[in-house]
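So that you can tell them apart, the chains are marked A, B, C and D in the order they are listed, and the count of residues begins at 1 in each.
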Amino acid sequence: MSNSEQTYEPELTGLLVVDPYNDFLSEGGKLYQLARSTLEAHNVIDHMRQVLAAARAGGVQVFIAPHHRWRESDPYSHWKTMPPVQASAAQGHVFADGTWGGRFHPDFEPRSSEVVAQEHWLSSGFANTDLDLQLKKHGIRKVIVIGMRANTCIESTVRFAAELGYEVTVVKDAIGSFGAAEMDASLQFNLPEYASTIAATNEIAAKLSA
Amino acid sequence: MSNSEQTYEPELTGLLVVDPYNDFLSEGGKLYQLARSTLEAHNVIDHMRQVLAAARAGGVQVFIAPHHRWRESDPYSHWKTMPPVQASAAQGHVFADGTWGGRFHPDFEPRSSEVVAQEHWLSSGFANTDLDLQLKKHGIRKVIVIGMRANTCIESTVRFAAELGYEVTVVKDAIGSFGAAEMDASLQFNLPEYASTIAATNEIAAKLSA
Amino acid sequence: MSNSEQTYEPELTGLLVVDPYNDFLSEGGKLYQLARSTLEAHNVIDHMRQVLAAARAGGVQVFIAPHHRWRESDPYSHWKTMPPVQASAAQGHVFADGTWGGRFHPDFEPRSSEVVAQEHWLSSGFANTDLDLQLKKHGIRKVIVIGMRANTCIESTVRFAAELGYEVTVVKDAIGSFGAAEMDASLQFNLPEYASTIAATNEIAAKLSA
Amino acid sequence: MSNSEQTYEPELTGLLVVDPYNDFLSEGGKLYQLARSTLEAHNVIDHMRQVLAAARAGGVQVFIAPHHRWRESDPYSHWKTMPPVQASAAQGHVFADGTWGGRFHPDFEPRSSEVVAQEHWLSSGFANTDLDLQLKKHGIRKVIVIGMRANTCIESTVRFAAELGYEVTVVKDAIGSFGAAEMDASLQFNLPEYASTIAATNEIAAKLSA
């Protein structure tokens, strides 16, 4: 399927906004300095806004797939094992619940009709959450993915979505990462294996608003 | 395996407390009148207390598997379909978030080291939640199940646990239902197919505290 | 939703035929004597044929959800635990691979365009198999369930289907069990909680062929 | 955790051999020319042999996670969507069932006590298969991953393993890919986020045989 053939019927399509936290996307966030270069290079936040606006305008249901917020009560000390990226987030109290960093960037606050899936513990928005259920209950078969960060949560969410049977689109200039090299590697080597369409914001927004 | 051969090594065993809400277990709860006869006939709440105390005394990790709490923001009006038991809970605003009915019965409030899994939307504590992950992260392979209600959430949680590879014990006088007939049918026909052990509180408590 | 309002759009509906093995359904099968009374009382095999024929006539995709076939190479001796119903099937070499008992009843052999999901180890056609994926890949949101046996594989498959977001119909006279009491209990207490529609063959067949 | 602290208790550890097909690993296989450079550069097949031998010597249970074998009867023409990597494998009749290319490389044929999980349709050995169940039934909490190919099936299997709660080790010179760049990117950027240990064959083999 070429990009031009890709369609986004509103009743079959969902927009997945992954981890739109202040800690990632806002000046002063705990991970913002790491993300800044890719966010600025691709004008990511503005592109995320455009895709979100187009989805809303086109009647496409919006879903937020939020990372686990760090909490004082987290059970980590009882866990037998943790992958490095999780241990690091836990140690840094990233996306701390009840703090500004753990709130969504104001431009990506969900509207009342939009779905916030359960928090995912590691990287995939689908793993150990209700995201697959929510998509099915809404009749969604195609997902458009934007947010953070390209080679971890975005890529894991895309890989899981493809395994679960969804048709996946990645908006390549509406995702960011902690460095150009790792984002380029995801876009060059991995996402094209699992995403039916990888396209830029203007192309996707045009289709969604059509 | 006979009941007497069943062992509960603390490092391998978890206690699952299913849906211990005031709406089910406390006088004045929305579903208490429906549950009352089985709760009283088997002295269920006292048995739940005894099993919980024995688990804590024996160093067995406690997990709460809580039903979805009704919220004003629930997405039901956008869902394509709902099973009858879910439609009914939604309509009745059962376990309403922020209300007394949606809080845990005071005797089953978790301690800080105990795990509260994500809320399950329908009946199985495992479906679309992090319960399986939490059990694995704690190294648990055997689960002891108590709570409400025998033929819906208890039975679905037991069926899922068995499908997922856990060794399951049901404490037959620490579960309740909306009527003796449906509870008896679960205990007679279905739970024995999936639970390796079905036993009474005194037997389980003795093993846990041993 | 009342039964009369239930619709079965061919592009959204799948027929699930659960465990249609000779060992269950054919004279001489290992479990046939156990199943015989309910099969005969409700004319189950004939009803299964009618539902299957109606699904095919109506363009509804057919999926078989087959139980694990016993094999010499089964890993049971290395497993830490097995639920009773699984231990029993293993001990009896039920649905033995390569034998007549482990083949589908001739009237329920799939056509080349029909999907045979991976074998399920325990009871739910969805657990540890590709059934959910196959349904999604075909765009299915509604499932009609027939086959064996009412309170184990049928009920577990129905419970999982509902948890996974499908709209479920059970054809009450196209399922069998090992006794009237356990089948009646499933139909009276449990299936109505998870199935949106429970109806007889003539009603379902009429809708499918419409 | 540093690599030197990583332990592999035989009763808790499983070796996952991913997609050890002739089509990948043997001269004349359909994908061998694509894989050849990385296989040779890192002496991958010999390293896979060494890890497997060490696992067997050390009493570590072996699991094969095999990719879907192409079959004439595959349902692809009825599927609504397919990710690119799957469409490509389908078109190329890769790992064709009943052919030499779809058989395991002779050095990685499982012994009778070793587990062959259900075939995975896309990339993760866990998705829509019984791999998680098999690991749990054997009491496994730690997995060591070898095989093909680094940035698709290996990385997806590792990401899923981590999401599901397993402690993951990748043997970096016992995996191959279709090019150094994509393998390096996986090893540099992605696998270190999810694998607790990434080490060479000699280090892992020494620990397994210890």
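The rule is short, and it goes like this: a residue touches a chain if its C-beta (ideal position, glycine included) is under 8 Å from a C-beta of that chain, and two chains touch if they have at least 3 such contacts.
These numbers come from a predicted model, not from an experiment.
Q: Going only through chains that touch each other, what is the minimum step count from subunit A to subunit C?
A: Counted as steps through touching chains, the separation is 1.
Q: A-B or B-C: which has the larger count of contacting C-beta pairs?
A: By the number of C-beta pairs in contact, the winner is B-C.
Q: Starting from the Cα centroid of subunit D, hunt down the chain whose centroid lies farthest away.
A: Most remote chain from subunit D, centroid-wise, comes out as B.
Q: How big is the gap, in whole Å, between where the Cα atoms of subunit B centre and where those of subunit D centre?
A: Chain centres of subunit B and subunit D, defined by C-alpha means, are spaced 37 Å apart.
Q: Per the centroid of Cα atoms for each chain, what is the distance between subunit B and subunit C, given in Å?
A: 27
Q: Find the geometric centre of each of subunit A and subunit B from their Cα atoms only, then give the gap between the two centres in Å, rounded to an integer.
A: Chain centroid spacing, subunit A to subunit B, equals 33 Å.
Q: Could you tell me which residues belong to subunit B and also touch two or more other chains?
A: Correct list: 80-81, 121, 127-128, 132-133, 137, 139, 141, 163-166.
Q: What residues on subunit D touch subunit A, complex-wise?
A: It comes out as residues 80-81, 83-86, 121-124, 127-128, 141-142, 151-152, 155-156, 159-160, 162-168, 181-182, 185-186, 188-190, 192-196.
Q: Mind listing the subunit A positions that touch subunit B in their complex?
A: Residues in contact with subunit B: 61, 73, 75, 78-81, 112-113, 115, 118-119, 121, 127-130, 132-134, 137-139.
Q: What residues on subunit D touch subunit B, complex-wise?
A: Interface residues on the subunit D side: 132-133, 136-137, 139, 141, 163-166.
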